[in-house]
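In the two complexes below, subunit A is the common chain; its partner is subunit B in one and subunit C in the other.
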Partner chain A sequence: MSLLGALDMLLQGVLTGGLYALFAIGLSLMFGVMRLVNIAHGDVIVLGAFLGIAVSAGAGVGLLPVFLLVVPAMFALGYVLQRGVLNATLGRGILPPLLVSFGVSIMIENILLELFSADARSLKAGGLETQSISLGAGLAVGLLPMLTFSAALLCTVALEYLFRRTPLGRAFRAASDDLEAVQLQGIDHRKVFALATAVAFAVVAVAGICLALRTTVTPSDGPGYLLYSFEAVIIGGLGSFWGTFIGALILGVAQAAGFHWDPGWGVLVGHLAFLSVLLVRPRGLFPRTRD
Partner chain B sequence: MLLSTRHLEAFYGDFQALFGIDFEIDPGEVVAIIGANGAGKSTFLKALSGLLKAPRDRIWFDGRAIGGMPACEIARLGISMVPEGRRLFPSLSVRENLSIGTHSGRRGPWTPERVLGLFPVLRELLSLPGNAISGGQQQMVAIGRALLANPRLLICDEISLGLAPVAVKGLYDTLPAMLAEGMTLIIVEQDVGLAQRVTQRLYCFQEGRVSLQGRSGELSRSAISRAYFGV
Partner chain C sequence: MPYEIHRSTRTSRIGVPLTILGTAVLGSLPWWADSSTLRLFVEFACMLAYAQMWNLLAGYAGLVSVGQQAYFGIGGYALFGLAETAHVPPFLCVPLSGLIAALIAVPTSRVVFRLHGGYFAIGTWVVAEVFRLAIANVSVVGGGSGTSLTVMGDIARSTREWTTYWLALALAAGSIALLYGLLRSRFGLALFAIRDNERAAASQGVDIGSTKLRIYLVTAFGCGVAGALYFLMNLRISPDAAFGVNWTAYAIFIVVIGGIGSIEGPIVGAVIFFALRETLADFGTGYLIVLGALAVVTMLRFPQGLWGWLADRFDLNVFPVRRRISKSD
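What follows is the complex of A and B.
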C-alpha cells in the first residue's frame, strides 16, 4: 500500500469512527450513570433515523428543522421511557433491564416495520451527501462525514462539560457512585436517571439523522448498530466519553483497513480489533467506572 | 416534638428487624442511640431517612407523617444523615462532595465558607477525590455535606467508627457550633461513655427493641450494661 493510500484509509476510518462515536456515546452515558445495558440502543438509533426521514418527508423541511424537531422529541421519549418503564427494572439484578430493553427493541422494530415497511430509506440533504473537500495530493474527504465527525467531537466535549462542570453532571456521577447516599442529599435518582436517558436519546437522535444522511436504513438494522456501539464503548473503557470516542475511531480505522485489504473483510476486522483489545485490556483502554 | 415514631416495625423481606419502636426527640435536643451490633440502630435510621420502607403513620416529623416517603423528599423536609462509613462519592472531589449537600435546596446558616470555617483542614483538600483523604477528613466532609443541606434534624450514624481518638475528639468538638444554630441531633455511638457525655437523653436498642431509655446523666453503667447486652 502506498503512503497516500494508507493515509486515505486512515482518514476514511477516522471519519467512519466519528459516526460510530455518535452511536456509542449514548450507550456509554446510560451505562456510566445507571449501569444499564440498553439492548434497544441500536433500534433507538434506527428510530432516530426514521423520525428524521418522516419529518423531512412529511413536513418538507430542510435539515436544520429536522434536527430541531427530532432531537427534542427523542429527548422527551428518553425521559418518558426511563421514568415510566426502565426505572422500575433497576436495582433488581442484571436480568430485568436486559429483558425489558430487549422488549423495547422488538417493539421499536415492529412499529417501524408497520409504519414504514421493510424498505430501505435514507434522508436527502440537497447534495450535501455528495460534496467533498479536497485536501490536495489526491486526497479528499466527504463533507458529510466531516460534519458527522465534528458533531461527534462536539457531543463528546459537551457531555464531558456537562458531567464535570454542572450540578446535573455532579448528580449523574454521584448517582453512579452510590444510589442510597445520593438520595440522602435530596436528589431524586429516578429523575436523574430519566434525564440521563433523555440526554442519551438526544445524542442518539443526532446519530440516527447522520446515519440516514450517509446510508440507507431499514427497521431491522438496529442490532448491527448496537454491536458497533458496544464494541466502541468496550474498546474505549466503560464510563469514559473520550475513551468511547477513541474506541469508535479505532473500530472505524480497523474496519477501513479490513475493507482496504478485502471488501468482504471490513466488518470482521473491526470485530477482531475489538476482541484483541478485550484480550489485552479486558476493561478497555481508558476505563473510568470501577465495575 | 420534632420527630417521633409510634410502634415502628421494619422488615428486610420476611425478616423483621424492628419490633414496635417508640422514639421521640424535641427541637434542639441531642439524643444518643446505643446498642450492640445487630441491635437495629442502623435499620431504625434507615427507616427514619426513607431508605427502608415504613408505614406512613408510624413516623412523624414536624407534625407530618413521613413513613415510607422517598429518601430524597425526607431530605428536602430537613432531615440529613451522616451515614455509617461516610459514603463519600469517590468520583467527586472534596469540593463537589460538599456542594452536593446543597442539592436539597434548603436555605439556612450553613454555607460552604462556614463549613470550611468549622473544618479548616478541608481548605487544602478541596480538589482531591473524596476517597483520597484520611478517614477523619472524610468524616468531616460527610458532616459538612450534611450541614450544607441546612437540616432541622441531623442524624449521625457511628461517626467515630474506625477513627483515631484524636480525630473523634476533633469531630465532637464541633458539636457546640452545630447546636448553637438550634439543630436537633441523633447520634448513634458505640462509645457509651462518650454518648452519655455529649447527649441529653439516650435510647438503648437490643434485638430490634428499645431496652432502655432515659436522661443520659441519670442512667447507671450497670443499667446500661444490662440493656446493652441483655444479661
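What follows is the complex of A and C.
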C-alpha cells in the first residue's frame, strides 16, 4: 500500500470513528453516572435515525428543523424511560437493568419493524451527503463525515464541560461516586438519573440523524451499533469522554484497515482490535473510574 | 425442641417419580405422534437445554451472558464439520460437538472474564459476533450463505427422526439432571454462596474464579450440544442462523418469565414460550413486542417469575436443591 493510500485509509477511519464517538458518548454517560449498561443503546440510535427520517419525510422540512425536533423529542423520551422504567431496575444487582433494557431493545426493534418495515432507508439532505473537500495530493474528505466528526468533537467538549463545570455535572459525578451521600445532600437521584439518560438520548439523536444521512438504516441494525459503542467505551477506558472519543477513533481506523484488506473482514478486525486491547489493557487505555 | 434438616418436600416426593414417568411417556412419542410433533419437541428440547444453561450462568453463577449463541453456533458448525468432512457418524457428533464448544470456551474465557457485570454481557456478545463473522469468511462451510448436511441423506427417514428425537429427550432430561445433580453437590453449595454474597463466599474458602470458570465451560458444553442437535434436525446451517442473538433473547424470555434461579422455572417458561409462539406467531413482530413487554413487566414486578410466584404461594418444590429446617414430629 502506498503512503498516500495508507493516509487515506487512516483519514477515512478517523472520520468513521467520529460517528462511532457520537454513538458511544451516550453509553459512556449512562454507565458513568448510573453504572447502567443499556443493551437497548443500539436500538435507540436506530430509533433516532428513523425519527429523523420520519420527520423529514412527513413534514418535508430541511435538516435544521429535523435536528430541532428530534433532539428534544429524544431528550424527553430518555427522561421518561429512565424515570418510568429504568430507575426501578437500579440497585437490585446486575440482572434487572440488563434484562429490562434487553426487553426494551426487542420492543424498539420490532415496533420500528412494524412501523417502517424491514426496508433500508436513509435521510436526504439535498446534496450535502455527496459534497467533499479536496485536501490536495489526491486526498479528499466528505463534507458530511467532517461535520459528523466535528459534532462528535463538540459533544465531547460540551459533556466534559457539563461534567466538570456545572451544578448538574457535579450532581452527575456525585451520584456516580456515592449514591447514598448524594441522597443525604437532598438531591433527588431519580431526577439526576433521568436527566443523565435524557442528555445521553439527545446525543444519541444527533448520532442517529448523522447515521441516517451517511448510510441506510434498517430496524434490525441496532445490535451492531451497540457493540461499536461498547467497544469504543471499553477501548478508551471507563469514566472519560475523551477516552471514549479516542477509543471510537481507534475502532474506526481498525475497521477501515480491515475493510481495506478484505471487505468481509472490516467489522471483524474492529472486534479483534477491541479484544486485543482487552487482553493487553483490561481497563482500557485511559481509565478514570473503576467499574 | 428437636429440629431436623431435610431437602425433599411433599411435592418433590411426587414430582421426581412424575418427571421420570413423563420422560418415559415422552420416550414412546415416536410410536404415536407425527413427525411435525417430533420436530417441535426437538426444538423445544434444544431451547429448554439452552435456557437451562443460561439459567445456570445468570441465575446461579452471576454471569449474565448475551453471547452463549457462540457455543450454540460452534456446536452446530462442529457437527457439520465432523459429519461432512471427517465422516464421523452424525449422531455421535452431537456430544463431540459439545466437547469442541467447551474446548473453545477455554481460551475465550480468558478474554471475557476480564469484564464484569454488564460489560461481561456485551463482551460475550462481541465474541459471538467474532465467530459469526469469521465463519462467514470460511468458504468450506459455504461462507455467509451456509451449507447443508448431506450425510443425513444416507440414513432412513424414520431412523433419522426417531434417533434425533430420543437424543433431544436425553438432552432435555440431561440438562435438568445436570442442574439438579450439580446444585445438590458441594459445588452447588459453593455456587449458592457466590450468588448470595461473593465476598463472603470467598472468605469461606470458595474459589470464585475457578467455580465461575467451570460453570462457564459446562454451559458451553450444554449450549454446544443443543446447537449440534438443533442443526442436526434442521439439516442446514448458516452463520446468521447459528450465531444469532435471538437464541439468547429467547432463552432470556424463557428463564425470566418462568423464574430465574430455579430448575422448574425454565421448564415452565419454555412451555409458555412455545405455547405463545404456536398461537401468536402469525402476528410476527407484534408477538415479539408482546414478548419483550412481558419480560420487562415480569422483571420489574415479579422478579421471581411465574414459577417463583407459584412456588412461594403453594409451597411447590419439584426439584429441591436447598436444605430446609423444620421441627420434627
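One rule holds in what follows: the second predicted complex is superposed on the first by the 291 of 291 C-alpha atoms of A that agree within 3 Å, B and C clash if a C-alpha of one lies under 4 Å from a C-alpha of the other, contacts with A are read in each partner's own complex, and residues count from 1 in each chain.
Rule of thumb we're sticking to: a residue touches a chain if its C-beta (ideal position, glycine included) is under 8 Å from a C-beta of that chain, and two chains touch if they have at least 3 such contacts.
Every value quoted in this text rests on a predicted model; they were computed, and no experiment measured them.
*Asks:* Name the contact category of A:Thr166: first (subunit B only), second (subunit C only), both, or neither.
*Replies:* In the superposed model, A:Thr166 contacts neither subunit B nor subunit C.
*Asks:* A:His189 contacts which: subunit B (first), subunit C (second), both, neither?
*Replies:* The first partner, subunit B, only.
*Asks:* Looking at the overlay, does A:Ser132 come into contact with subunit B only (first), subunit C only (second), both, or neither?
*Replies:* So A:Ser132 meets neither subunit B nor subunit C here.
*Asks:* By the touch definition at the top of the document, which applies to A:Val85: first (subunit B), second (subunit C), both, or neither?
*Replies:* Touch partner of A:Val85: subunit C, not subunit B.
*Asks:* Is A:Ala181 in contact with subunit B, with subunit C, with both, or with neither (first, second, both, neither)?
*Replies:* A:Ala181 sits against subunit B, while subunit C stays out of touch.
*Asks:* Determine, for the superposed model, which of the two partners subunit B and subunit C contacts more residues of subunit A.
*Replies:* C
*Asks:* If you look only at subunit B, which of its residues touch subunit A in the complex?
*Replies:* Residue positions touching the partner: 49-51, 70-73, 75-76, 80-81, 83, 87, 89-92, 96, 99-101, 103-106, 145, 149.
*Asks:* In the complex formed with subunit C, which residues of subunit A make contact?
*Replies:* Of all residues in subunit A, those touching subunit C are 31, 35-37, 39, 85, 88-89, 92, 94-100, 102-107, 109-111, 113-114, 223, 226-227, 230-231, 234, 262, 264-265, 267-268, 271-272, 274-275, 278-279, 282, 291.
*Asks:* Using the touch definition from the top, list the residues of subunit A that touch subunit B in their complex.
*Replies:* Checking each residue of subunit A against subunit B gives 167, 170-171, 173-174, 176-178, 180-189, 288, 290.
*Asks:* Give every residue of subunit C touching subunit A within the complex, in rising order.
*Replies:* So the residues of subunit C touching subunit A come out as 58, 62, 64, 66, 110-111, 114-119, 121-123, 125-127, 129-130, 133-134, 136-137, 245, 249, 252, 256, 260, 285-286, 288-289, 291-296, 299-300, 303.
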